[in-house]
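What follows is a group of structures, each given as structure tokens.
The following pair of complexes shares a single chain, chain A, combined with chain B in the former and chain C in the latter.
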Partner chain A sequence: MMAIFEYAPAPESRDVVDIRPSYGLFVNGEFVDGSGTPFKTVNPATEETLAEVATASSDDVDRAVQAARKAFGVWSALPGAERAKYLFRIARIIQERARELAVLESLDNGKPIRESRDVDVPLVAAHFFYYAGWADKLAYAGFGEPRPLGVAGQVIPWNFPLLMLAWKIAPALACGNTVVLKPAETTPLTALVFADICRQAELPPGVVNIVTGAGETGAAVVGHPDVDKVAFTGSTEVGRIIARAVAGTDKKLTLELGGKAANIVFEDAAVDQAVEGIVNGIFFNQGHVCCAGSRLLVQESVQEEVLESLRRRLSTLRLGDPLDKNTDIGAINSAEQLAKIRSLSDLGESEGAQRWSPACELPDKGFWFPPTVFTGVAQSHSIARAEIFGPVLSVLTFRTPAEAVEKANNTPYGLSAGIWTEKGSRILWMADRLRAGVVWANTFNKFDPASPFGGYKESGYGREGGLHGLEAYLDV
Partner chain B sequence: MPYLWYAGTPAIPRTWGTTALRGSGLEVEALVGDAVGVSTVTTSLTDVASSDTALRAFLHGLPGVDRVGADQRAAMLGTRSIKTTAKAQAIDLAISMVDLTTLEGADTAGKVRAMCAKAVRPGGDAPRVAAVCVYPDLVPVAVGALGGTGVKVASVATAFPSGRSSLDVKVGETTAAVAAGADEIDMVIDRGAFLSGRYMKVYDEIVAVKAACGAAHLKVILETGELATYDNVRRASWLAMLAGADFIKTSTGKVSPAATPPVTLIMLEAVRDFRDATGRQVGVKPAGGIRTAKDAIKNLVLVNETAGDDWLSPDWFRLGASSLLNDLLMQRQKLSTGRYAGPDYFTLD
Partner chain C sequence: MSRLSVRKTYKLYIGGAFPRSESGRSYPVTSAKGDFLANASRASRKDARDAVVAARKAFPGWSGATPYNRGQILYRVAEMLEGRRGQFAEELGGGKRAAAERVDATVDRLVWYAGWSDKIAAVHGAANPVAGPYFNLSSPEPTGVVAVVAPADPLLGLVSVVAPVIVTGNTCVVVASEPSPLAAITLAEVLATSDLPGGVVNILTGSQAELAPWLAGHMDVNGLDLTGVDDADLALRCEQAAAENLKRVLRPAPQDWTADPGTGRMTRFLETKTVWHPIGI
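Now for the complex of A and B:
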């Protein structure tokens, strides 16, 4: 049936970005060739190749670490107020180039422009502004007279390419460290534009180095003997490898890994807003969110009502061109990730959970997966245990607050949780008992540079953001 | 790339509801169905208004509204980008939903006649508006000017805008407006009674005014700016619908804030849920503060993504406004010619 009010395509213009055919590494303030075999980065919504990107070999990584080491002397000796000037400048340039960054992020990652424009890029700028403010106040942060660590080796994932870069680079630089950062191989482009922003801000050479490549490049960064600090965001599997590689060295390590967050809806929740929170919890960024609310725990007394509202709401989600300003659900980032989501979803079905997706046509080209809800999920099902990292929600039920806590905590992960209730005392009672680094009450997936973020158990250790985020980059 | 999804139509057939109210007990008997297969649904809400206690328990048992979440949802829907063909479609739909309003002490027969002329022929080939909305004493003038044009005559009543008068006066005013030919009555609720928890008084007044309306449609103005909380907006919406409102309307336009997007969103959720519960469809009319085509289109997006297609018609959604129409006409011309004409190219009224 033809809808009465059909939104016409409203694509954001691509003209604002100028993608070069090939990109090198950013070492010591210069773009240089890499000595590894270059790789291609594609637009996951169309499978079109966007650019060819250099691969950093271990020699290239070594040069980057040497540049960072050399720059560390100059950078760490600068008064905090001077470092702050550079960070404020970077933050302002990010705001000035916000549209370009948002479009490029959507092209390379597949996320809807509404999210890259309204969430990712504003948060990136906010992180730089926030940590710029700390740069001259470190003596008042409660760590005595702290010293920077030295060279930070940072490896970031593809789900929030530029935001994860900001989470890593802003506090490191504010504290006086220099960095060698490796972006994910499927989403290197905004990091390379960020390198250009560093040049535009006239950041001293070597303070920020960007080395592109796959796992081997990351291993070279993490394993380099002259790296003092390793920061990684990504899968628990890779986190374990990194922890092993770092064990026995004096490198300081923070890991931000996977999650299987419970989004807990009580019978007295504000239903319409809880449904929005469920949608935002698992379908934001196609569910490519480590703190995604991938397990919905709904009180049995309101299960039907909540699920009916949820299904109705999901039928209004708009899936398609990530650059269209009205798109809610974009593309899955890579063929590999799509295969993983498919196989875990098929497993969910074969283990006996009921699968549901709204009527939905997927584009012919690119990597797409419809928003999917599994009901009748038990704690023992794979889809209630494994991190799917896609737009797949597992619905479980509970009867009492104590049972909700038990089920929420019954996972090897502990990154985040959500509580939906109109009762303030219950929020506090629950938050005390949930083993999760972040607990959201009547909201989900809200981020703020002033708020620390990090996990319990297999979700990693260390905190990013806020005052706590400074500790990871200071010798305390 | 074309859109791959759009809001699915709920599997509920279009509904022509008739509400039979019997004393204080509430009997909702709705005729559900298309021309064929008419069936009678008696809802579980029969006893809700049997006593003050029952009504209070029901209204306070409705799910709460989280202000932060509702504001965010409305703000997100405000970012929808409506361009080209969609914009043209939305502008014409918005024009056809306008309740062109003048509610001033200085209103005269001449002013009302002029407004009626514009209501019928807004300019160019734009569609006519849904209704004109005037004070009761000017209803005969509007009826005279609009007879046979299809544009409805709406009259405010019940001691608009404050509602601070006796029930006799309110009913009398309604009766007079209907007798003078008003097709629609826009009544105000007793906010004082609502805020002091005397829900039954509010309910009884709506029932009485509805009875006085006869065949005329009743729009119940909640004056959400005075109700202050979103929980109150949802409760007042349900209260009005239970009492027989054909439409629920945000505001008189005399109090600020008037029709904010989150308030309209909550009322749209209320009519959607009410139809699910009773089978009876109730319309929504945001009024006050909607001045630009952009505001109007945001309202249509709210309807489209909250209540859905069934509410996207002048029968079920209205925009109460005075200056809005000219901005819609200006944007309409801009879309067809590519440039803006100056304000002198659009008639005052």
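Now for the complex of A and C:
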């Protein structure tokens, strides 16, 4: 019999971060006070207040846009090679401050340190490194001699705070634009450290401006008449409002919105590998992932085998302190999000699906939700249609590949999908028919700066990453 | 005794057939000088919805056809148009020479777009060098059903907005130029005899202000080309309605239909699909 090793906590030290009691806005290279009522950002794992953060009023946003406009002249006139070197500098500083950024991200967001350390922050550095290289090669990108757009107004979500910042700022700057970015109100801290990194890199003032606040601040950024480009990542609901708001203007718009991805497991798939992929697909980052594999479509013949294996695997997941290096499932980002996950899960039960969670102790303080699997889910159930944005998996079954395609595409969203099979030609056949912007075969939730990301249908439009990601920030 | 001519009834073009408007309405079309030319159907909201259903039905077949096949069919449309140059020139009216030049330019534009069917993926797709054991490929795919509000230019303008939408595999519902819709219906006769599957292009004639908002707000339309909308307020309302299901919108902008069109009209109604294929033994 194999020995069972007892679990011992292995927390990452908080000492590496120095959180100030209060933070201002970053405008024109300086930290300044905001005119709105400041708000508190809390650690969702403990509900402790981490810092007080300024709220940018529309006047503050206006000042930030003016600073960005002024800086645009200088920044866009710089030779691409010089812009590139600033971005390379930023990439390097991110690598140097990686541990600090990872710990801060886990504190402010609630995600496991294993993920912020091994996924988020390395991808952030990689993204800046990738787009740095484009800055002096735009003439080779196939758009002729493209020009930057001007001032980009960018609004990002709380699920990958620093990574979404990187996806927005790196291509914008590489193409010669300047930016005004609003981080999410529950996770502003790494963006403010990024402001400090810009200063460390001696980036010219006004090229990057960070304005913190809630929806009103975001609306001011999006609605500012001197913004030439709007980029938003977040819910489809807010995406619609933004698309309406920019209608009739000359603003270029890209939207990366919600999803309800199908993760399709065929009977010939390697079961253990597929189960790891299912877990990574929906429980990575507590399911706070727009491209999460929230609908498992499993071929009927292997349903029992896959589900049994999945339940066994879920029973080994560790939920708890995000700073513990052993933690698999961290905290839900906010009380509001927790309430939404609870209500949708309750709805799933009342609509007739069977709910299961592994035995799992939840900490007394903070916002927590156990990994949850629903079986017996029909396509008409709310939990098969609505984006839950939490660690909740809905399981549906299929018999033929055609039925799998039909069910996978039966959603207003179209962000991502997964295919698990050992048959190469089937991967190609399925990938061809799935109406989704990113398709993973025998893997899931993989990201790379060279790989374009973005959705079909109501998951938004435009791509981030790769050569395609340049288009959003050029006059093409 | 001179022979009494047989006049053409201008109808709609929906799902490969030529129905009258279900509303039974029509409106008089006049020449630039104000002479009566013919009555055109005045399509209703119901006709617009029927057209969307036809376009959606045609989408799987057309988007699933090989690019080579789509290119062949668009080239065939050019051939059919070439054979009816005289008829189109006459229908366009105005100076004979100018009209003939417009028709020739239209044929050439179709030929140009026909060739893009199997090349757009090569210039708009990419194999992405990701850091891992994956073959990562981005390919353009058609957006779906696109509603097109055609510009006033009755033939060259019309073909210049329809060809880029369908060559990549989209299907469309077109609102023809309101004052000069006749060439659009005659073009439908060309499309109907060019092996273009029914429903790939559906043409409505009638009031732009009446039809465009229904199409802009239709939840089974994926893209909206507002090129032909001159009224800024109408364009704004259409774009706002389009936000409801996040349609891809091409905003109105002044166009020179004789200039090199570039790839923008195609790429606006393309999605990029990126597939991570596993590498292993």
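As a convention for this text, the second predicted complex is superposed on the first by the 472 of 476 C-alpha atoms of A that agree within 3 Å, B and C clash if a C-alpha of one lies under 4 Å from a C-alpha of the other, contacts with A are read in each partner's own complex, and residues count from 1 in each chain.
By definition in this document, a residue touches a chain if its C-beta (ideal position, glycine included) is under 8 Å from a C-beta of that chain, and two chains touch if they have at least 3 such contacts.
Worth saying up front: this structure is predicted, and the values here are computed from it rather than measured.
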item: Fit-or-clash call for chain B and chain C when the two complexes are aligned on chain A; value: fit
item: Which of chain B and chain C A:243 touches, first, second, both or neither; value: second
item: First, second, both or neither for A:320, with chain B first and chain C second; value: first
item: Contacts of A:276 with chain B and chain C, given as first, second, both or neither; value: first
item: Where the C-alpha centre of chain A sits as vertex, the angle toward chain B and chain C in the overlay (nearest 10 degrees); value: 120
item: Partner chain in contact with A:255 - chain B first, chain C second, else both or neither; value: second
item: Partner chain in contact with A:442 - chain B first, chain C second, else both or neither; value: both
item: Contacts of A:127 with chain B and chain C, given as first, second, both or neither; value: neither
item: Partner chain(s) touched by A:224 [first = chain B, second = chain C, both, neither]; value: neither
item: Partner chain(s) touched by A:8 [first = chain B, second = chain C, both, neither]; value: first
item: Lowest C-alpha to C-alpha distance for chain C against chain B (Å); value: 6
item: Chain C-contacting residues of chain A that also contact chain B; value: 442-443
item: Of all residues in chain C, those that touch chain A in their complex; value: 123, 126, 128-132, 134, 136, 138, 143-144, 222, 232, 235-236, 239-240, 242-246, 248-249, 251, 264, 271-278
item: Chain A residues within the chain C interface of the complex; value: 126, 142, 236, 239-241, 243-244, 247-248, 250, 255, 257, 412, 414, 427, 431, 436-443, 446, 448, 450-454, 456-461, 463, 466-468, 476
item: Residues of chain A that touch chain B when the two form their complex; value: 1, 3-11, 114, 118, 268-274, 276-277, 312, 315-321, 324-326, 358-363, 422, 442-443
item: Footprint of chain A on chain B - complex, ascending; value: 1-10, 63-66, 68-70, 72-73, 79-87, 89-90, 93, 266, 269, 300, 303-305, 309, 312-313
